[in-house]
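Each of the two complexes below includes chain A, the first together with chain B, the second together with chain C.
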Partner chain A sequence: MENDLISKKELLDLTGISYGQLYRWKRKLLIPEEWFIRKSTFTGQETFFPRDMILSRIEKIKNMKDDASLDELAEMLSPNPADVNISGEALKSSGVVSTVAIALFDEIAGEQDTFSFTSILHIYLLDKLLQSGEISGEEGKVLLKTLDENFSKLEGKNCDIIFIRKLGASSCILVSAPNQIFFDTSTKVAGRLNVTSTIEELKTKLANAGIG
Partner chain B sequence: MKNDKRADLKIIGNNSASGGRYDSAKVIGNGLITGDLDCITFKGVGDSRLQGNLKAGTAKITGSLHVEGKADADDMRVTGDLKLDGDFHARHCHLRGGFTTKASVKADDLSLMGLINVRKNCEAETFNGEGQIRIDGLLNADRIEIKTYGPSRISEVGGDRINIGKGSATSFGKMIKVLLIPSNWGNAMLSANSIEGDDIRLSSTKAKVVRGKDVVIGSGCEIDLIEYTDSLQVDRGSIVKEKKKIG
Partner chain C sequence: METGNDLRINGLGSSSGGKFDFVQINGKGDITGDLECRELQINGLARLTGNVKANTIRVSGKSDFRGDISGNNMIIDGMSDVGGNVKVETVENRGMLRIAEDCGSESFSSQGGFTVGGLLNAEKIGISVYAQCKAREIGGKEIDVRLGGGSGIRKFIGSLFPGLPLNPVLITDTIEGDNVYLENTTAKVVRGQDVKIGPGCHIDTVEYKNSYEKNSDARIIVNESRKI
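Up next, the complex of A and B:
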């Protein structure tokens, strides 16, 4: 556990950012509140961060802050859906998601004229799991249904999507994160995705494709 | 209901009204508003109480206002006492008197003078505080300017430029006209668990840890540990137990 955390001092030293920047980014919600972990040490209270997440986040902010304002960055990094509405054509040609995934989505939700961010996110999650070979097309439909019915309940919160298989039958679970979850030995976790970081990824991809 | 016309609300004397959407809302005297109030301008003279959330473009309060919910205002000016049970959001807030909130504060520009009490975090781009200040959470602002006129306590201070010291007697004279407080100006020290920033100037401050780039410790400070990266100056009238240069 200790290795997964980084102290504030070490973080500043490693990334070369200043206290002023760190606090500014915290104020602008570029760094989520729950990443600030308080711990008692022999010098008193110190703040720690989840090492990998904070390092990649700061790298990202440093790379993007010249091109975008802090408010735009906050928008991009927030777990809330972006304000995007694009046509099916534009989505296909953007290459952000595969046509296979879009076709599956259309099968479940019916033909769409325009895709909202939430729809694109669902397709993107599906696409990621399909591409990695973790789930099949049929299971993809289950995933889409689960997302469609339940995602709004967890919107804005950090959540994971988990695919499990047991004796050939599969099941999809949407669970709020961070959470520990354990299964019996005959159950196999086929795929797992963190939705919040996927949202971030998707927003970046959409921005790079000139959408949103 | 989108393009509804907003009417005006006026409460004069000892009276009450229900909340709603208004253009201007004025309370003169002893007013009670039940329910949420959404208005473009709010003016309170006297003693008013709002049993709900306040949303206002500009709010001007002379006297006292107690909001039993959240308050959100673009521009808030208070001479007197503002008490909130919920979060406070404002672009600009200028307050002379007393400020209490049971929750957190988020603003662009905060200028508070008097008795200040925040139970949770206080965030702003610029924070100007004078008087007796107590913040139980983190005070996070780009520029922090604090002058104490009474024993003050802020759990954590973080920002870019931080300047903390005891208020001077001259402006204190001006203050006393406005305020009922600080007879205990003599021990107007600020105590904090940690103070972190880039450019830190402290006097009459007691802190467990001070971390910064350029740190100047003026007179009357008691600091357990200072960690600095670039420069450090310590006044002879201050006690610093441990100094560490980092990097």
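Up next, the complex of A and C:
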């Protein structure tokens, strides 16, 4: 566990940012509150961060801050849905998600004129799992139904989507994160995605495609 | 604000909150729900149980906010208690401000006394210490803490707010900033790029990146200083 954490001092050294920048980014919610882990050490109170997450986040902020304002960045990094509504045509031509995934979504939810961010997110999650070969098209439908019925309950919160298989039967679980979850030995975890980081990824992709 | 109507309480009154343009309380007022307005002015005694969102908040009397406050400007000339978080671009405190949780601002200036139960986080922090100032942690870019006014002014403030802790000192666990200047400060750790410690300080550890200066005043105690 200790190795997974990085002290604030080490973080500033490694990334070359200053206290002022770190506190500003915290204020602007570019760095989530729950990443600041306060601990007592022999030199007094020190703050630690989850190492991999904070390093990749700071890299991201440093890369993007020349092109976008801090508020735009905060919008992009927040787990809340973006304000996006695009037509099916635009979504297909953007190439953010595959047409196969869109077709599956249409099959479950009916033909859509426009897609909201949440719909695109569902398609994107499905697409990622399909592309990696972790789930089949039939299982994709189960995924979409699970998301459709339950995602709103966890919206804005960090959550994982997990696909398990046992004796050929599959099941989809939406669980708030961080969470530890264990299965019996004959159960296989077929696929697992963190929704919050997927949202970030999707927002970046949409922005690069000139949407949102 | 699309509604554009005003709420005025003169004398004794209460409201369940809502959306307004201008809200003024002269006398004693209770607002029992969330309040959203362009300007909130309190010239007496007010208790607000919900969250408050306002462009400008002016308190010239005594106010008790039970929830969170967000907005652009907050000017406290009297006494203010906040039960939640404060997220206001510019905070000007010329009285006594108590915040139970965190305070996040672009600019935080204080000529009075305050307590922040959590983190005081602002780009620019300017504190003139007139009465006791307390925060669990302080972080930002520019942090400047000085002893305020003469003892006459501090006595005058004391006569206005009897029972106020009057020893002019800032007490905190940690101060972290780029440019830090401190007077009359008691802290466990001060970390910064350029750190200057002035008179009346009692600091356990100073950690600095570029420069460190200590005023030659005898009333400074710094147990340990190291370049990092």
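Keep in mind that, in the parts below, the second predicted complex is superposed on the first by the 212 of 212 C-alpha atoms of A that agree within 3 Å, B and C clash if a C-alpha of one lies under 4 Å from a C-alpha of the other, contacts with A are read in each partner's own complex, and residues count from 1 in each chain.
Following the convention adopted for this analysis, contacts are C-beta pairs under 8 Å (C-beta built on N, C-alpha and C of every residue); 3 or more make two chains touch, one makes a residue touch a chain.
Treat the numbers as computed from the prediction; the structure is a model and nothing was measured.
Superposition of the two structures on chain A leads chain B and chain C into a clash.
When the two complexes are overlaid on their common chain A, residue A:K9 makes contact with chain B and with chain C alike.
In the superposition on chain A, contact of A:Q45 is made with both chain B and chain C. Contacts of A:F182 after superposition: neither chain B nor chain C is touched.
Judged by the touch definition given at the top, the superposed model places A:K26 against both chain B and chain C.
With both structures placed on the common chain, the touch criterion links A:S18 to chain B and to chain C.
Shared interface residues of chain A (contacting chain B in one complex, chain C in the other): 8-9, 13, 18-20, 22-24, 26-27, 43-45.
Residue ranges of chain B in contact with chain A, taken from their complex: 123, 125, 140-142, 158-161, 193-194, 196-198, 208-209, 211-213, 224-225, 227, 246-247. Contact residues on chain C toward chain A in their complex (touch as defined above): 104-105, 121-123, 137, 139-142, 173-174, 176-178, 188-189, 191-193, 204-205, 207, 228.
Contacts from chain A toward chain C in the complex involve residues 8-9, 13, 18-20, 22-24, 26-27, 43-45. Note for the complex: chain A touches chain B at residues 8-9, 13, 18-20, 22-24, 26-27, 43-45.
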